[in-house]
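As written, the chain order gives the labels A, B, C, D and E, with residue 1 at the start of each chain.
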């Protein structure tokens, strides 16, 4: 008994959800996929941004998506500082693989607990004018609560892609993970480039936090739900492929929602992650990754 | 002996009451307000002259919402801290791991919001502060269906959706059972996993099944998700609500505001005239003052009254036993009724309430996000059980 | 005495001494805390067999651990088997799981492997959640007897059981380090392609390593239902197990079995201590902070610190 | 006689406690190619890296004349030195393996002065190495050694160097390609007026284009030949390179 | 036929690009074969196919009359087929000596530890690395790394050794050193395929020379004759 309207709706809402996953994954795709910095605390940073935005917007009624754009530079600076630390203590010593991972795990714990200590364990949310509104495209509904973050996500991703393609620093970001010191032969400072790129990835976490707080209320631990998903999306795409990350995020969202519609939501995570396992088994470099000899 | 009317400063070594509480992790949202209520109680009792003439001191640790920490904490409390009394942490997952330790020492144990935790252990010295009673799988949703029976025409179809967790599963089971009893056909019945982010597929599937009644069994984050999706996708029903945990909590009340109107929801307490007992108002005042300072869970209508009642039950059992003898306290738990700020409680041999008291309230006339309105009667109108009933059902969801 | 024999005798002696000391204290809390610490020793040693020896970082520790715990739940429920039998079965089940996962994912390198193991944990958890017989999402109770055989106190029995498992795990890890398997795993860690060209059967060795490592993790999880009495999927599959196994190993040092043992003992003692001394969420903050400080200031773990310090002593 | 474009004076450099270069002095006249000779491990690469600021010398100076201006390079950051137009084709190529040929080349134009002329220089690269144009979208990591060497030189050309340092360009190349690469370097000198310092093991090829040469033995300059002939006759060179 | 290696119709494509096309080549036991060709002509790819890195190649490879299809790289190594990598790939966490014991400990049947160490030590002596036996690879120079690569490849006394550009970047005397080594090895009965751009080494060493151009073998035969062929001059040597 397949209702085409139901399926169409599942696909569309899956796409909107996918856009949220995309913006949540995109920063990680930069830090993890391109810079080789496995920032497992990325979702926690996103939730941190959500909480900060909630604290700013809830009393003032300021729009959270705009607020995200405003705090993104601050997060970017913090990220840049964090990278300097990471570089000093891990990268420079060549210990980044496992020690760096543990560092970010520790950071994740610290962020979460600090959130509990500062903001308490309650949910945080923001009231937006468009919260309950919905656009209708024929029988397909587009809740603004999902649609606006999705548009914001797409716009930011487009800007990011453009920057990576067109600007020199952007191009160097793609090169820096492969041979850091080789950039110096070209007159580029690799540390500066990685600092900029990592800062950018954390700024993206702030944007994602803005999108998230519009979509749902958050508490200190909301990030956990996203760890598996964003990693899965980045890997599904193939490390370092940003357009791939967008596609993979959309695929992930659609699969989750279509599975939920057809077989019940209980199976969505299993289906989505089985897809990841299957892709990895058949195409270890991910859907859009480049094969390594 | 205590002086007449005037409290005397308690003398001697304080009585130490040990427990763990989720102060971080997934359950902290309820654990922290519960702790605050317990601390209010401790201040109260010390001001009143203490317990058995001794002052009371709470010894508690954060179990991080992780059951694996619990056995260690309770053995530490008993073996190292040598506490005199123990009470439980919050919820089944954090109560059950303490049971073997408690049983081995034969401690009396008043627990907070477990669901049938003692079914397996069959331990005699325990009482559970949870209105769901012994047969949650049957009774929990009774009120919802009793209320629905008053609709005209009587509802014929039902959709069930709930979180895949212990509490919600039992709630859904009860809804199925009640639906069978009432001859209502279930047209949609699904559980969703805790990691669900987008609830629109569920709400949309329910909408396309077009049921008369919608029964949700959810936890705070998903309660919001479900209601938001219901609003956006214009889900309508003759009655909507059920076993939702979330709207009871301040943050979610403030968040949803008028969206709550006409929601018929399970609850444990509502500030209606029919549910005012000795001490209730005073407690809420004291609690709210303390919570305001901390900026968290300022209404205190969910876990706090229960946690305070938990301490009251312990207090009275100890007083009745007249000593700290655990067997005597344990026995006292089942003997007589306990007047508390949430009414009179009576426990059966397994420690569950002799009579279940699942309250169903309907949100009425909520406007905006002002919290003060939730302190007033008439906003959370009690529709069930009949003895506390304080208003009339407004049919249909959402509110016109 | 040969070196391996000496080690094993030493381990056994240390074990007996530990039991005697705790008997003197005779305090349930000591048994409980000891159990948790030893459980993490075993988990960390097991994790390091894959990560430290062959360079594959496993994010699915919780999956193997939970598989062991659920083996116990199922076997107890279905056949009412003794816990000791359950432990062995859990080792087999999780070992087989390790083999299967290895077969599926070991062609993947580096982080791909890690994420695949993380996915495995998600998939396995979903299966358990949707399996009513195993308790589903509601969880399952396991009734613990008062005592066991010569042990009047079940907590003591659980402690001794975990002690034997942990010491056994250490002996296995130490054995691997000295063996051909250890040499082969080291070549895999350094350069897999060169290893194959030198005749090292890379896939087979990796499969053996995942099976042993997974099996040990499963055995670490097997007594958990009896320890906790009640287990739900969230607790069994908790990310904490994964983070801890990794953090402890890194704090101790990955170069051999000693590192994880030191790291696990230290960090889990600290965790246990923080839990029952600091009555607020701050205890986790300390754990996170310690982890960060350690990896920043002691990149090769405590072992590395000791070695550096000794090295300086030698040259001075 | 031509003006000097690069002058190294009394340079000491090394890695930590290991001193590799001892009091090295060297001159590269403008518009000339100087071959830097010396067997393995004698410090050729270290010297190149010291000039570029990648290895910090402990003593001595490096000065360059760029567009008629004297610049002291000693102690400057590599980024700065490259920006001035001193560019190195490193040993071992150091390409970005996962990027395409074209992406690698474009990154070569990082220097502010080079960014303006990307398309012009790209054309120049493809004219010099037609193979690169055929493969412009191939991932560099999957190319053969010789192809990669072409990319490495091409990438350096993209940054419009004034002084080009080339570290062993012929390692692992087929004889015909060695010839081509060497000739290309020679022709670049003629075409662009480049000043080149080139470390090269293949003496017979190197000497075809070199105007002069220096022999580095154990981190010190052991011999400086003002002409190609004087090099060919030197006993050190004969011993190391010609097997006589 | 008793060739140690017999390759027929070997082909390999990457995506749409044909890296090897219909290669036929045999190596007799104890033979010294030189393999040259312009960069990118497919020499390393040829080695990788034979060593088992690309199971999806076309054609048949017989090693001591045994088809290699379906065998993993390590199984081929155990049959007596050794290769070096164009860029040295030592095991960085092991000492030089341990590096050389690896193929011995993983041969069938494996050598016991003591024997393996003794044999490895002998190999190190042979390549002149005995003084560095207990150093770690990171402290070795390029030449020493090449020697280590060779020592590890020849330790199991293979029937065939494929040396992929082991002399690139080496000086005159170092080339001579390695040449001596390969000659000595060959004297013990090991067939050697030498891939090299150092013409002096190729001409001194090879009994027979094959030339690849663009994935095809264009000529094969006596080195002097082959190098004098116009095609080879045009495509490889240049004039």
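Assume a contact is a pair of C-beta atoms (placed from the backbone, for glycine too) under 8 Å apart; a residue touches a chain by one contact, two chains touch by 3 or more.
Since the structure is predicted, the reported quantities are computational estimates derived from the model, not experimental observations.
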Common touching chains of chain E and chain C: none
Most remote chain, CA-based centroid, reference being chain C: D
Farthest-lying chain, centroid of Cα atoms versus that of chain A: E
Chain occupying the middle, per Cα centroid: A
Where chain A and chain B are represented by their mean Cα positions, the distance between them in whole Å: 36
Centre-to-centre distance between chain E and chain D (centres being mean Cα positions), rounded to whole Å: 31
Computed distance of Cα centres, chain D from chain B, in Å: 77
Interface hub residues of chain D, defined as touching at least two other chains: 142
Where chain B touches two or more other chains, by residue: 23-24, 26, 28, 164, 191, 193-194
Per-residue multi-chain contacts in chain E, two or more chains: none
Touching pairs - complete list by chain label: A-B, A-C, A-D, B-C, C-E, D-E
Chain C residues touching chain E - in the complex, by the definition given at the top: 180, 183-184, 186-187, 189-191, 193-203
Of all residues in chain C, those that touch chain B in their complex: 27-33, 36, 126, 129-130, 136-139, 141, 143-144, 146, 154-155, 224, 227-232, 234-235, 238, 240, 272, 275-276, 278-281, 283-284
Partner chain A, residues of chain C touching it in the complex: 51, 57, 104-105, 107-112, 115-116, 118-120, 122-123, 126-127, 129-130, 239, 243, 246-247, 250, 254, 280-282, 284-285, 287-289, 291-292, 295-296, 299-300
Chain E-touching residues of chain D, taken from the complex the two chains share: 39-41, 142-147, 149, 168, 171-180, 201, 240-243
Chain B contact footprint on chain A (complex, rising order): 3, 5-6, 9-10, 13-14, 16-17, 20, 113, 116, 120-125, 127, 131-134, 141, 143-146, 215-217, 219-222, 225, 228, 253, 256-257, 260-261, 264-266, 268-269
